[in-house]
Amino acid sequence: MLRYLTAGESHGPGLVAIVEGMPSGVEVTTDGIAEQLARRRLGHGRGNRMKLEKDELEILGGVRFGKTLGSPVAVVVRNTEWPRWQKDMSPDPGGEATRTLTTPRPGHADLVGMQKYDTHDARDILERASARETAARTVVGYLARQVLAALDVEVLSHVVAIGSVEAPAGNVPERGSLDRIDEDPVRCADPETSAAMVEEVDRAKSDRDTLGGIIEVVVHGLPPGVGSHVHWDRRLDAKLAEAVLSVQAMKGVEIGDGFAQARSRGSVAHDEIVPEGDETFARASNRAGGTEGGMTTGAPLRVRAAMKPISTVMRPLRTVDVVTKEPDVAFRERSDVSAVPRAGVVLEQVVAVTVANELLRMLGGDTLGDVVASLERYRARLDEF
Amino acid sequence: MLRYLTAGESHGPGLVAIVEGMPSGVEVTTDGIAEQLARRRLGHGRGNRMKLEKDELEILGGVRFGKTLGSPVAVVVRNTEWPRWQKDMSPDPGGEATRTLTTPRPGHADLVGMQKYDTHDARDILERASARETAARTVVGYLARQVLAALDVEVLSHVVAIGSVEAPAGNVPERGSLDRIDEDPVRCADPETSAAMVEEVDRAKSDRDTLGGIIEVVVHGLPPGVGSHVHWDRRLDAKLAEAVLSVQAMKGVEIGDGFAQARSRGSVAHDEIVPEGDETFARASNRAGGTEGGMTTGAPLRVRAAMKPISTVMRPLRTVDVVTKEPDVAFRERSDVSAVPRAGVVLEQVVAVTVANELLRMLGGDTLGDVVASLERYRARLDEF
Amino acid sequence: MLRYLTAGESHGPGLVAIVEGMPSGVEVTTDGIAEQLARRRLGHGRGNRMKLEKDELEILGGVRFGKTLGSPVAVVVRNTEWPRWQKDMSPDPGGEATRTLTTPRPGHADLVGMQKYDTHDARDILERASARETAARTVVGYLARQVLAALDVEVLSHVVAIGSVEAPAGNVPERGSLDRIDEDPVRCADPETSAAMVEEVDRAKSDRDTLGGIIEVVVHGLPPGVGSHVHWDRRLDAKLAEAVLSVQAMKGVEIGDGFAQARSRGSVAHDEIVPEGDETFARASNRAGGTEGGMTTGAPLRVRAAMKPISTVMRPLRTVDVVTKEPDVAFRERSDVSAVPRAGVVLEQVVAVTVANELLRMLGGDTLGDVVASLERYRARLDEF
Amino acid sequence: MLRYLTAGESHGPGLVAIVEGMPSGVEVTTDGIAEQLARRRLGHGRGNRMKLEKDELEILGGVRFGKTLGSPVAVVVRNTEWPRWQKDMSPDPGGEATRTLTTPRPGHADLVGMQKYDTHDARDILERASARETAARTVVGYLARQVLAALDVEVLSHVVAIGSVEAPAGNVPERGSLDRIDEDPVRCADPETSAAMVEEVDRAKSDRDTLGGIIEVVVHGLPPGVGSHVHWDRRLDAKLAEAVLSVQAMKGVEIGDGFAQARSRGSVAHDEIVPEGDETFARASNRAGGTEGGMTTGAPLRVRAAMKPISTVMRPLRTVDVVTKEPDVAFRERSDVSAVPRAGVVLEQVVAVTVANELLRMLGGDTLGDVVASLERYRARLDEF
């Protein structure tokens, strides 16, 4: 099983992740990590900030000659703008805060964070609360994906809504469609909807406003029985919900049809079990999104996240200065119209980590070979069920 | 901080919960537990099953003369029907399975659980997967609430949708309204909507169908800063989402306006900070549902859960017999038209545990007096911020 | 992997353990548990207290027809003296403390516990701090042993010192010798030493004094590679040390030759690797006690614990009354001359839980069949190394 | 509470530690870390290896202007020899293993590690198993010490035995004596014994042999009640034992008189409670080493560790080549005669982390000010007990 910690401030020297529990023999390369990190820059409606964030990577431990050793894997993602921030973000005494921020932004950790950790400079808070932190989690996600790939499990995401534009229901991208989705300007799997979404983004941009949206993560290839009904904190749905709502700006999550299912009747809400070809226990539908009783059913896993609009809006929001205690407007940093397209990439990572972790718990194994053999044996057992 | 485990099968001798980490000096009584458990039986549209489930309680440890000792608290909730089930559910060898179930119900843990744990009797799975388990979690919730009460924190819930009937937005029940809500047949805070919900339930009943719905849990009195932005798994939103989706039949969760917020623009999605009377940092709205950056803001916490319709529908669903491998219809157990009203009681408990836990992590303290004093000191520090 | 909590006060209604993470299909019976619990009463030099402690057992969950279900296992060990204690230990208000204790015993949790949890009745503390709690851990140990037995792993213990009498070094009991050891009055594997130990106990008894000692736990049949060097808290030595020092009255632990090894030179402190018969990587000795680099080597695991003399001595110790603040003598409860013989039984349990847990982490598996097959595969892989 | 992970191989690019859970406002500087790391190089009888290990440090996150932010703290300790090892230890594909090791050293993780993680190059194992990893834990220890210093808690260590030379019992170094001990060539607090130890080391050196020893860590200033008797894994003794035996080459641990206490009688094994001056509950002795019932008593905490002799002896040990399967002698790396003096520095760190962690659990607090105030309040409560 995986344990991981991340650290690092947005404009500090770098971000770092340590992942403990990787089996040995998993292919891991700097290029592979870079590729996932680059995917975080995808998407129409982005400001110019992400372009500055080229990632300079270093694997510090746990990997030798492109394979994991079984020891903790550590990766540093350098901040290439560090020289410009060094004075303001110096870890050691002697720096100088030239960019002190005292007007907390509504919708951010700014105000509450300052109260909790007792500081009057919002920079002390926002630097860690920033979504830049997900770069470290993307590293973790890459490691999880490398395990999943060996188990023939594939994780992808697509945008199903931006602002008021929503893709038609029921379109679940197949295996192998990730490249195509990544090429779409808003990472929508439906070309027609994509065009409407681009227009929605452009409209918001001209209004100097921002947009939220809904993203769906799909996992293909999971065997039945990942997660467990036996204890509340072993339910896969619960772990997925935790992972999704731990991502900055996410305010909702649903498995399968989720909220729509809550509004439907029981007679049309479940997935009947029917024989189909070779499969004795096939399903007539996948409304549940691939889980029953907190476990995967073998159908594609579908997890949806509701992302609120970026709160750094171009139009200022009212706030109160924490030093003067006078009403003011919130400070503004560069921002995108919508982070929804690239947020899917981050959601893929946290979902990948969650399912990889539960698979490793279930399958055991010190080497990747052990893990693969254990899954084969499990699948053979199910074939004989 | 609290750790807890629960055990017990639905028709076994009883359910049990152990909770480690309670401070000493917290008032805990059998009557208090019984009261929370009784609330699980509330609601229109229930079948006759819950009536059978009278709870026989025993506190096994951690409490003396009505106060916690600081040691783990253990409570057993006896199954009063045990004599009728003893043969079928005997822990020791020598019993006899007279109620073997081989036709798994879609929408339940039945099929996947049997595959995972390698059994051809669905009873081995459903007995633990059953929502009856939440009685044990209600015990844990009661303990959490007793801590919260000392900190002047109040947890309540109300039904905001059943099937297609939805309460008007924006009505957040105040402190002290729980008794009134509990008296409503569907636990809806809005009398007019309540009447419509009752009709909806009756309609579904006459169609022999079932209904899902949406429940909102509200927490009053939390200080700002519960949870943290510093690490993904310390975000309160994430912990709340995990807790909510760990409850049987929940398929979605949102904090504040959640999915609605995802469809709105940034200019109208955030809660501006404005001075108001004595309060320097009051909020003009509470769209975020009481959290920013993974921490409470001090506004009421609002968490919504989407509950799917009960899957034990009166109209049988198609399935496959796990022994004969032939198509069949799923077996049926007694069921309610809608479990939505009483599910709110369970959701209150898991939310109470989550926030109590984060408060205890933040405040420390071996005795309830320590915890209370620590919160007073924290509030005093915030007053001077 | 196993998680467990225990609860219950020494003279409360009962003790209870919940164990989460057991694979399905493990044989578990009330009789089997009773047998392990009965072993806790073994040994010469015991007072009359243990005789009163007949155990009344109930499996509350996780087991059906003598096999685990995969769900959490819960067992209650009733206090048969409860009627005599009910008034003093009533969980609910309305009891009466007739046996309030205000003169804390040195060497016990009494004084510090009262300070920490803010009570002036030592009973509030000692009831939980008592070694009676290990009955609950014995239940957990039994469950672990049932898993280990299926993996052909055997856990036993023997007393190597009582007071000043020490068994000759180097005698490691073989597989299958547990019954013989249990029959010895002091659970010593060496008959001659046993006789001397009995004399030592009798001498102390006539002096109204108590004795400590040293116990060794031996585990046969572990494969190489249980535990890991990759992270500090995955080292088996560390987990074993934690487990051993968590047992009441234990003040020291060593793996293999431990402290003796610290006094030897490097040239004679290690276990050379030499081919022997079929075994390519046999060892010329086992000074290390079966671990290298925090992992098992495949040689018998040897863990030794230093147990201090029972502190409830017949000769009173000086203390201070917590109410009057006046010097006094510590109150006395019935006690044994030496708990060393039966403490071995408890140490077996905590060691069994520790190694079973690490094996389950390494092997994975939802059913006992999965676990066994995984170990077979691992052993086959090692054969080809 | 603190969570931490470390990563990095001995000759890889560097070691890294991430520590989550630090309160804000704690003084942390690169110089402070460097000072603790330098202490790891102390001691007579060292080979030339440590001199090569100059530490190049970088704080990557969690600290700004010399104070913690409350966010995870990450520190990288660079390997200054990296250029010479880059080819052999390259994380990315394309390196070349010029120093493959196939003759595992007895007493190391080499053989078992290779079997477990399925590699035939011992370098894949020993690089992580090496005691060099404790540099990362020293960083964590430094952070813990900075918290402890604010609470007026002081951690120090001294060598009480090297090989057959043992310091007279009963000498517990006072507060403020760490500098003096660090100046001693073998870090022994007793000058006479120190001289004998130096001779012992020199003798072993001329015999080309190595020596183990015993180290005592002492913690001054802990309040009563750190740790708890209420659950096995909350006992401070257990956590300390885990921490100590997680350090490379440690094979035993005892609290207070430990094994000696096991050999004594109950009448002389405990610490009587007697009024003394202002102190109502003073102790006549400290045989228990500062804990009772798994909690601190307020007396100095004394933890002793048994360290085995370094296994990389100059005189080769028999082994078997894992490739040829032929008998051979173990490869040798540069080594010291005794690592005992500097191991004390590492043991201080793991003990500091353990007690800091338990204090933080008990006291709560988001800022250092909160933690300090909470302890003051706790002490005031005890004064009124």
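By letter and in written order, the chains are A, B, C and D; residue numbering begins at 1 in each of them.
The working rule: contacts are C-beta pairs under 8 Å (C-beta built on N, C-alpha and C of every residue); 3 or more make two chains touch, one makes a residue touch a chain.
Note that the coordinates shown come from a computational prediction; the quantities given were computed from them, not determined experimentally.
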Per Cα centroids, the chain farthest from chain A: C
State the pair with the higher C-beta contact count; candidates are A-B and A-D. A-B
Taking each chain's mean CA coordinate, chain A and chain D are separated, in whole Å, by 37
Please compute the C-alpha centroid of chain A, do the same for chain B, then give the distance between them in whole Å. 26
Where chain A touches two or more other chains simultaneously, the residues are 5-6, 20, 70-72, 116, 118, 125, 128, 225, 228, 230-231, 366, 369, 381
Touching residues on chain C, where the partner in the complex is chain A: 1, 20, 70-72, 225, 228, 230-231, 234, 360-366, 369-370, 373-374, 377-378, 381
Of all residues in chain B, which touch chain A in the complex? 5-6, 104, 106-116, 118, 125, 128-129, 133, 137, 161, 163-164, 204, 207, 209-214, 224-225, 228-233, 235, 237-247, 250-259, 261-267, 269-275, 280-281, 283-284, 288-289, 292-298, 306-311, 313, 315, 317-320, 322, 325, 327, 330, 350, 381-382, 385
In the complex of these two chains, what residues of chain C are touching chain B? 3-9, 12-16, 18, 20, 24-25, 28-31, 58-66, 69-74, 76, 89-95, 97, 116-119, 124-125, 127-128, 366-367, 369
